[in-house]
Structures are given as structure tokens and as C-alpha cells.
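For reference, chains read A, B, C, D and E in written order, and residue numbers begin at 1 within each chain.
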Amino acid sequence: MTEIWQGLIRAVQLLVSFDAEVVEIAARTLRIAGTSSLLAAIISLPLGTLIHFRQFRGKGALINIVQTLYFLPTVIVGLFVFVLLSRAGPLGELGILFTPQAMVVGQMVLITPIMLGMTISALSGVRKELLETATSLGASGSQLGLLVLREARYAVLAALLLGFGRALSELGVAMMVGGNIDGYTRMMTGAIWLATQRGDLELALALGIILLFLALVISIVLNRLQQRRPQ
Amino acid sequence: MTEIWQGLIRAVQLLVSFDAEVVEIAARTLRIAGTSSLLAAIISLPLGTLIHFRQFRGKGALINIVQTLYFLPTVIVGLFVFVLLSRAGPLGELGILFTPQAMVVGQMVLITPIMLGMTISALSGVRKELLETATSLGASGSQLGLLVLREARYAVLAALLLGFGRALSELGVAMMVGGNIDGYTRMMTGAIWLATQRGDLELALALGIILLFLALVISIVLNRLQQRRPQ
Amino acid sequence: MSRPPSMIRITALTHRYGDREVLKGLDLSISRGETFALIGPTGAGKTTLLRIIDLLEMPSSGEICFDDRPVPGSGKQRLQMRRRMSLIHQKPQLFDSSVYDNVACGLRWRGNKETETVRKVGSILETVGLDRYEGRDARTLSGGEAQRVALARALVLEPEVLLLDEPTANLDPVSTSRIERLIRSIARQRSTTMIMATHDMSQGQYLADRIGVLIDGRLVQTGNSTEVFRSPRSEEVAGFVGMENIIEGKVVASAEGIATVKTGSDPDGTTIQAVSDQPVGREVHACVRPEDITLAPATHRSSARNSFRGTVTGVASSGPLSRVEVDCGFALVALVTRLSTEELGLEEGAAVVADFKATAVHVIERSAHR
Amino acid sequence: MSRPPSMIRITALTHRYGDREVLKGLDLSISRGETFALIGPTGAGKTTLLRIIDLLEMPSSGEICFDDRPVPGSGKQRLQMRRRMSLIHQKPQLFDSSVYDNVACGLRWRGNKETETVRKVGSILETVGLDRYEGRDARTLSGGEAQRVALARALVLEPEVLLLDEPTANLDPVSTSRIERLIRSIARQRSTTMIMATHDMSQGQYLADRIGVLIDGRLVQTGNSTEVFRSPRSEEVAGFVGMENIIEGKVVASAEGIATVKTGSDPDGTTIQAVSDQPVGREVHACVRPEDITLAPATHRSSARNSFRGTVTGVASSGPLSRVEVDCGFALVALVTRLSTEELGLEEGAAVVADFKATAVHVIERSAHR
Amino acid sequence: RVPALKIATTSSLYDTGLWAHLEPLFEEQHGVKLHVFRVGTGIALDHGKRGDVDAVVIHDRTREEEFVAGGYGVERVPFAYNYFMIVGPEDDPAGIAGLKPEDAFRKLLEDGAQDPDRIVFISRGDDSGTHAKEKAIWQAAGFAYHEVQESSWSKARDGYVKAARGMGPTLLMANEKGAYTLTDNGTFLAYKGNLELVPIVETGAMLLNEYSVIAVNPDRHPGTNAEMAGNLVEFLTSPDIQDIIGSYGVDEYGVPLFSPCAGAEPGE
């Protein structure tokens, strides 16, 4: 229990002292997780909207598969991307294994199914009648897509947040694909993990608290954005 | 790339030969993740419904905090529960550290915020008018809760699935709190992790594929259940 | 007056949304077994009032007594009260399940036995003309079918108080009269208290014991249908209840309860005789319902107190009636049967005599604030 | 017949939901600038037909031509066509944004300049009586306000074809006539083609050039309002369009275009004279609209071809008219003005004479299959 | 971007902070970025086999020799060593203090079968270098490893526990359960503050723990940075660095954590 208090105190100390290393790791974490979330969102929003609107054979099966990928363990994603990018693997030529780019790729594999699946279920909450009204008023396919995203914005934002949260808090991909290299590919979770391995539980807790603090700020900002009515 | 094929072949071999150890680990994984998901659902559904319906000061803030907890890294949850349950910790008396029970507790800490938060956003998709209609027809608070869960069943099921998926695919809690003990607390992800540590990437991939296969079966079954109309 | 005990009594009820005052100090008491119709323009606050009575919303201020007991604050007690009522919302919202489940839900929520529920649901669906619809997915119903399911869902509960918000807005005339007869028979047989918001004036007249006119959040007049439709208290009400002829004038003579109203502003304007107590010199509106005006050929010698020669300026027929506009110095609108229109050869330019009785004229004091 | 080019032509249109056939082989052609009203009982298929015309749904079979071109399969071309139309849905669905945004969206989707949009939206909101509502959250509007926003949203697009599904179902009489006048003026000024589903018969009569009666998925009759309301083609239509008096009988004589119909089955039943070509011996229905029957005191000597003595069995008044049921061997329903009801002292048990002309009787061959 | 030299190293070297200490020295000397992966022995070797790293630095002699024999590595170069130790609860319930490691293990197994609740041993169970050493000691004690795993001691709920985790968490677990475990001294020293465990058996030839560096064979993976890998081997065996390794840890723990052995097998 004392560890938790000490962790808290340490967290506050690190935060107020603006510890250079912590700041650097936090910035890197946000950059990498932010990039992968952004890219995953850019894929998921239109694709999810498309899947939502189109009727095709195997749609149910596709959604089932996407939902199954929610269960992808990070180690497996890490391993899979690792095998692909490893020098002996098919994309070994790129030589991006153990780089932030590779981590972005891995995280995208991890979170795109989540964002995609949750976007689809968010959209399915929008009434059919509303969409037909818009169709009658002459909305084109993409205009309809924007409308449905707007109507479901609360749930869509939740889906995006969830994906971002997963990217921010995952460890397996960062470890397997990034290599947890000090000063280059180490993210918050990697630092936390290392601290636990070294027996510095206080530091681990402190870093965890800082990560959550970051997350809180982000989720407040996003929620504010979402609540502000567009003029 | 060959590893992926070999992993696939190995996965099929393990599946068809009904490898005793894999079956045991898979069963344990389902039992533990299933228990924690069930308990988390039992907490989240009524609590989420309550939060959805009640208006109170700080509701927005509460939801923000819950959403922030989506970001909880598994290591941190593991560490936190470890510190609580360790002999020196406040709940050390229970002596349940490194047991499946402890893992259930840890996983609940991890997934309850996800189930709760996603349930709340699922419910927020149900039209106010519908609820007022039910109220007019004499639905009590709990009846209203059941109705709203039913109306949002698609999204609620997605939330539960997501939580279950997180429990099934997480590693940090199982390692920190369960100890990844052979034959006792080792789950699929622990076995996968171990295989990667040993450098047996094939086995790791094979186990990963089996885990996904399990997940696929579960998500198909749940989706079927949800589509079947209650009489 | 010894009235039966009041089922719903509202005192000084005010409701605000944001800083819009939507209901402005209403007082209203409705007796057990009474059928009360709320009429008023769109946005007047009818739905809001029904919602407040159904305890869906807490009024900003004012008091409501239900069955002579003030409405409690506790959720459980409110639920008890609410379960004695049933509100049919203006936009029927059906649950995402079968028609049967939709109609059964209220009974289930009250813990009815399922066998009982099956019987009741079957019989009410038959009553609203939807037998064999039990198994249908409620979301695929047509507008009118949905409306009838919503009705059935409320009626099956046999509530003590039935609140209806535009119950027949989506129905064709045949279904409408079927539902109207149903509502009427329920009101009579079960002596259910009913409050209905309707924009269908004739529905209000046909079904209600008493009518309240709600305009801009104020209950400007309540009374039986004759009072409301023939003696509106203000120009506003007069306009709303279809008194299309509202003629400005001034009382110039008054004798034996008959007032003479000079129309227009010029000194030798036409005069209208009306049964009224308004004193000489008062600025008034003389109001006449279009259906109280008879038209006759120009050759006709009339015995009516008010008889004016004029020229037809327009004829519009809709259904069994024609609406004929006549210029006889001032503009008059008359509603006559299509039969007479044809017999009299009423068409633009035709010369006619427009007659109406002194009793058909309702005189309202012209309010200063206009 | 040289008709103007058809704007919408439907051939052998059939639509199924599951294995319910909701539209059964419709043929219909609507000319540019025409106003067409679809009337029919709830669940007849009106909404389905409008949805298919608006290209929201693909019919199960049959062809639709829009502006003389068959409706294409490609989404893009369908969008082009759809943008020339505008459907006001039966249940108005407003988007979760301001009233302004709701009305502006169609213009924005068509890429209009925002300054233009501001002007147009402002002006249409004024027209429907909702100026100063721009900033309101659309979800907080009352039923009638929402309906008007939905109307404004479609009208602001100035479509070539306007499809209206029960456009005034939620409106009070004052708003209704305002909207009706608006629709009428749009039809005239812009020569917009209009198809409206309505359950308000008088609205259909007032606004439409032509009326189609849709019953159980079949377009059983189309024609102008006189044809539909006075000469229904079948008993079914007769019942639906308010010909409340449908008397079974048999033609016993026929001369100079006047048929004599003996009512009932007993040999010395009453006879009715009707303008009709039906041959002697044919089993028929003699139909009379209630408003075509005049009631007179029992002492009255009538010159009408059909004049029956009877006893009043019921009086119900609603609005300007009273519905009087008379037993004169067979049951008759007459609609008379409230004025006459009072003058004649019509009440249960009163003896009266019911008159109607031979031209007021519409004779339909009794179909074998009943 | 500065070219990077990638090495996979075992956790015990990394967690003691030795690499963090050496890294800037090497980077400055050779103008290169050093990317150090902290991984298990198995995956370190695998990284080496597929050419994803340029060198591996580990402590499992048997597998190192296999690696080189398989043509994956250039040469196995030992550069430092220290000793494993058996740690356990202070009251030493099995009474193994002072025994030779193999005798201690035999006693643990025999007594543990009688009283598995009190005599508990946590095994790394993950094929790490430490686990390999544990198996070797069992072998020396006269048991095939599968015999240990199938013993009644192992079958009991507590008793012989195979928990596959890192060394540090294994120590924490042993601490929680009041159990014995085999650990390298570096990790033990790092964790000491959190532990109630004490060293029970620290001497015996079996406990020798040697660390070697192997450059990945450039013939197999032409893309690897063979030249710089050679520089690393040279660096680690250079006298200056050997001195630094030999004194590392004195500041923090009061004792050196490693003994240098510059390319030669440490004397036994």
C-alpha cells in the first residue's frame, strides 16, 4: 500500500519537476499512439460508414471477423508484424523493424479492428428513418456518411477514444516491434514494464499515474470538442 | 513469413490432435476471462443504466474518468492489484495472490471501466422519446433499465464482447497477479508470451491463432443469440 | 355547484424550458369520469401540459393534485400514480419488438399473468382492427397502423385517466371514426377520465364534455362546446375556433337585450343586430360562424334580423360543404352545403342575400391592448 | 387525348415485403405540373408508393419512368433524379441540430452558396410561420412545429416533384389552411408536380387535380374529385369516400336513363329512382352521399324523385354539420347543417321526410365475389 | 540518421544498469548509436538467427555453442562472469544452507515431497539462461528434469512452481510465497530492498554464470553491421572496459557485480 502512496508522491514530483526523461517518453508515446490512432481513424471512419451502408453477401461474417479481432492479443500482433518486418521476412527489405514507424504499423493492426467495429456499431444506432429523410433531401452517399457520423458522434468519439486508449496502453506491440529501445522506441508502457522488471515498483506506479493523467486530459478535451455545437 | 505458415500448420495440428496441454490452457483461459467478464458485466449493466438515467452533479466528470480508465495499461492494473494483495498489502490476509481468483479481480479492475463506459454510450443512443413512452406505460426504474438495454442490445453486446476480448487477450494482469504458473494460472497469452521468450515463434503464432479461433466462435455465438428474437 | 370529486387539479402551473415560458399559470380541475379536450394552435403547450399531468416532467412551479392528493416527489409513489394513467404520445414510439410485445409490455410491467395478457392483447388488437398483426415487427408498420398499436397499448391497461395527444392524427376518416367511437365507449362504460389534445375541432366537440382553449401557454377559455365555439371570450379564441367572420364595430343602440352594432369606421356603415348586453358606445367585435349564415337568391325577401345583399367573390368546395365569400360592404364567409351551392348557382359574381339571426352574432368587447 | 408529357409514369408496379404483397400491379401516369392526391385506408400502401417514387426503394417488379426516362440502376444517376424531387415523410425526422441547419442541409448538399442559403432559409421559415426559430434545437420542437420544419426543408429546395405524405397530419386547422394555401400557390406558380398521400378527403378535394384511391395495394379508381367522390367504381371505394348510404337492391325498371331500384329482398320493398344505365334485373348497390339528402318536416310535400317518410333514430353533431340517422324502411344517414337541425327540431323520434334527387343516386353493379 | 548497432541482451545485464553505463562510452568511441534490446535468452538467439540484431550478449553456454556451431554466430567471446545463488527465506525451512548446490537441490526435492507447503521453490520455467542453469544443477544432482516436474513435490499446489516471468518478478513471487529460487546476483542485489529473502547457497562451481558476446555471422545475413559488431566484441574485451566492468556496482551495492574475464573461460 505504501508503494501506492509513494508512487503517487513520485508521480507528482516527476510531474512538477518536469523530469526531462519522462517528458521525452510521454511526448514520444503521444506521437506514436497519436499517429497510429489518427491513421486508424482515417481508415475506420469511411470504411465503417461504407460497410454500414452497403448491403453485401458476407457482411455479417465480415463484422463478426472484425469483432473477433478485438480479441487480438498485443503479443500476437507484435509477433505477426515482427515476422513480416524481420530481415528474414517478406518486408524485411524495408528495414523498419525496431523503429517508431514499425510501431505505428503494429498499433494500427491492433486498433483498426476496434475503431472499425465500434464505429459500425455506433452507426447502427442511428435510425433508418433519419437516413431516408436525408436521402430524400438529396444527400449523396458521402454526405449521408457525414450525417450519420455526426448523428452518432457521441458513440463514434467513444470508439475513437477507445482505440487511442488501446494504442496508448498496449505493451506487446511496442516491445516486439519497437524493441523498447531507450531513447528511441520506448513508450510509457515500456518504461513502466521495465521499472517493474527492475523492481522499482514506485517508479512504475508513478509512470502509470502520469499516463492516466495524460489520458484524462485527452479525454476531457475530446469530450469538450464533441459537446461544442457546430454552428 | 514461413513462421506464419508453420504457425498455421502447427495451430491446425494442435487443434485436431486436441493437444491436452493446449486444451487445458484454453479451458482455463475461458474460465478465468469468462468469470471476470461475467462479474464485470453484472456490475456494469445495472450501474451503467443507473448512471445513464440519473442526473447528478459531476456526472460528466464521472463519465470522463471512466473513459480515462479505458487507457489503463495492464501492467499498471497488475501492479496495483499486486500491491494490494501482496503479503505486506492491505488485502494480504486473503492470501489469494498468484491464484486464479486474484486474476479475476485484476481483470475486473481492467475491464469494468470499458464495459461500463461503453454501456453508457450504448444506452445514450436510445431515443429519449422511447423511454418516455415506456414511462407513460408504467415502467418502473428497473423495467425501464431492462428496456433500454434491450433496445440498445446490439451496442451493449458489443461493449460486453469488447470487455471480454480485453480479458481474454490481456497479459499484464495475468502475469503480475497470476504469476503465469504452469498448470495453475497460465492463460493463453501467458503461454504465447512464454513461447516468444523461448524463441519458439511458431508455437506462439499457433497459440495466437487458436485464441483467435476461440474468439471467433464466441463472437459468432453471441451475435446469433443477440439476433434471435425473444418470443 | 356540487361537482364530482376532481381527478386532476392543477393550480398556478407554470413551466419553462430554458427561459421560454411555455405554460403560464394554468388553473384547471378535471372531475372523475370527465372527458376534457385541449385545443389550441401548434406550439401552444398542449403536449407539455399532458406530459406534466402524466408526471413525466416536473413543472417549474405550481401544484398538481391527482385524485385529490398532491403529486409526491418520491419516484416510487409517482410510479404508483402514473400506473393509474396512460398517455398516448403525439409521435407514437414503438419498441423494437413484435406488435404483441409492444401491446403486452404495460401489462407485464404491472405483473399481469401471461394468460390474462394474451387474452387482453388479442381482444384490444381486434378492437383497433389489427387482429392477425400480433407477430409483425412493430417497426415495419404503416403510420396509421403504428398509431393504432400505440392506442391499443395504452387502452389495454384500462387506466383511470387516459391522456391522448392527437390520437387520430395519422388516421383515415374510417379509422378515425372507429377510434372515436372506441374512445367514447370507453369513456362511458368505464367512466375513464380523459384529457385529449386535438387539433380536430369536431373531434373535440364530439368527444368532450368540456373544452379548454390553450393559446400561447395560457388557458384562455374553458367551457362546453357551445360556450367555446359560439361564445368565444376573445377575438383570439374566436379566430381559432373557426369564427371566420369577425367584424369590427361599435354598439350604437341597445334595447331589450338586442344591441345594434355599426360596422366599419364610416358614419353611415351597415348595422348588425346582435343578442348582447354590451353598452352603447363600446368598441366591439361582432363574430358570426360561417355556418350560421344562410345564402339565398337576390330576389329573396328575408325575415332574418340581419339580411345583407352582396356579391359572391369566391367559392371553394371541400367535402360536403362549400365556403362562399361574399362582399356585402364588409366581407362575409358563409359555409353552405354543396347542394345549396348548386341549387343557388353560387359562383363568382352572383348576387345573393346573406342572412343570419341576431342570436348567431356573438359580441366581444374589443380589447385595448391591440 | 393529347396530355402534357408525363413526369412520372408507373407501369405494372408491384412491391413485396417478405411475402406480403403491398402494392399489386399499379399503373399510373402523372403529368408535369399536375397535383395528384392518393387517398386510401391505413396500410393501403400510400407511403410505400411514395417511397418507391422517391427512389428510396426498388420495386419488386414493374417500371418507373421519371420525366420520360426509365429510372436507372446506378446510384449516381438515381441521386441526380432524386435531387429533382423532395419527399416529406409521414413521420418528420429532424436532424440533431438547429432548425436552421435542418432546413439548410438540402441546399448545402446541392452545393448552394451559404449567403443564398441564408436568404432562402430565412424566407421559407417565415412562410411556414417559424421565423425566429432558426437557432432552436430541432429536437425540442412541438409536433406541429416539427411538421412545419419538415415542410420548409423540402420546399426550400424548390423541387420539380414534391411528394407529400400526410403533410398536415399534426397541424391545427389554422396552420393546416395556411400550409394548404402555400402548397396550392407553389403548385400554381412554379408548376410543381405534386403527389400527396392524405387521409383528409377535403384536403385531397381542395388541392388535387386528380385523385387516386388506393385500397389494399390496388389503385381501384383514379379520376377528378367529382368522379371519385360522386361516382365511385365499387362499393369499397364508395364506403371509403364517405358514401355512407349504400343500399342493396335490384333494377326492376329502366326508362330514359332512369333506373328504378327496388331495395331489400321482400317483394314490395321501397323503390329508388336513379340516373343510371344498369339493365333491368341487375343486382346493384344504390349509393347516396349523406350530404345529398335533405330533411324536411313530415308535413312537407316534396317534388323530389325520391322522397321517403321516416323517423329520426339518432343525431350527432360535430362542427357545422349534424349527422342524422333516419329509418325509412331502410336506414339512411343525412348530413345537414346544424342550423337546419335546430330549425327542424331534429331529435330522436322526430318524424321527417328525406328527399334526394335521382342524380344524387349512384348505382354500382353488385360484384359477384362477395 | 546515424547508423545503429543493434544488440540483444539478457535481462540480468540490462537491469543491473551495466548497459546504460557502457552505452555512451561505446557510442562516443565509435560514433554510432547503440540500440540495446532487453529480451530473454531464447528470443535473443532468435533475433540473432534471423539477422534482426548485429550481436547477442547472453549467458547460456550450451545454446551459445549451438548457435555458433549452427553458423549463426562468428565466435563466442566470454567477457565477464559472476555466480548464481540460491536464495530463500531467512529461516531456511529445508536446512540447505552450506550445502553444495546439487546437494541442496536434492534435499529440496526429497524434503519438499514431504512438506510441499513449507518447502517451495520457484523455477523460472522459461528456458532463460537462469532456467538452463537450474536444469543443469538438477542434472548434476542426479535427476532428469522431467523427473523433477513429475515428482509429487511438483504436483502439489505449492512446492515446485514453474512461473514463467522475468527474474525480478520471480524474486517477488518467491518473496510472497516464502520460497527458494535460483537467481543471478545482479538482479538479486537490485531487488534486495523489496525482499525478505536472503542468499542461502552462494558457492559451488555449478553456480558459475558467464556472459559472452557473439557477433552475428555476416555471411548469413549480409545486411548486418558486422564491422561494428566486431568493434563491440573488441570494446567489451578491451582492458579499459574490462576494468570498468570489474568495478561496476561498487558505488551502489558496495560490491562489484561482475568479474571481467576478457575472452578467456573464467577459471573454476
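Here is the rule we use: a contact is a pair of C-beta atoms (placed from the backbone, for glycine too) under 8 Å apart; a residue touches a chain by one contact, two chains touch by 3 or more.
What you are looking at is a predicted structure, and each value in this text was computed from that prediction instead of being measured.
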Least hop count linking subunit B to subunit D through chains in contact: 2
Required steps from subunit D to subunit E (each step between touching chains, minimum): 2
Most distant chain from subunit C, judged by the mean position of its C-alpha atoms: E
Same or different contact residues where subunit D meets its copy subunit C, judged by the half mark: same
Rounded Å distance between subunit A and subunit B, as computed from the means of their C-alpha atoms: 18
Intercentroid distance (Cα basis), subunit D paired with subunit C, Å: 23
Mean-CA-position distance for subunit C and subunit B (Å): 57
Set of subunit C residues in contact with two or more other chains: 91
Junction residues of subunit E - those touching two or more other chains: 169, 172
Multi-chain contact sites of subunit B, meaning residues that touch two or more partners: 127, 176, 193, 196, 201
Touching chain combinations (by label order): A-B, A-D, A-E, B-C, B-E, C-D
List of subunit C residues in touch with subunit D within their complex: 17, 39-43, 46-48, 90-91, 140-145, 147-148, 165-166, 169-176, 199, 201-203, 205-206, 239-240, 242, 289-292, 294, 316-321, 335-339
Subunit E residues touching subunit A - in the complex, by the definition given at the top: 6, 11, 15, 20, 23, 33, 35-38, 50-52, 166-169, 171-172, 190-191, 193-194, 221, 223
Of all residues in subunit C, those that touch subunit B in their complex: 51, 54, 56, 75, 79, 82-83, 85-87, 89, 91-93, 95-98, 101, 105-106, 109-110, 153-154, 157, 163
Parts of subunit A lying in touch with subunit D, wherever the complex brings them together: 127, 129-130, 132-141, 143, 147, 150-151, 229-230
Interfacial residue positions of subunit A with respect to subunit B in the complex: 1, 3-4, 60, 63-65, 67-76, 79-80, 83-84, 89-90, 114, 117-118, 121-122, 124-125, 127, 152, 154-155, 158, 161-162, 164-166, 168-172, 176, 188-189, 192-193, 196, 201, 204-205, 208, 211-212, 215-216, 219-220, 223
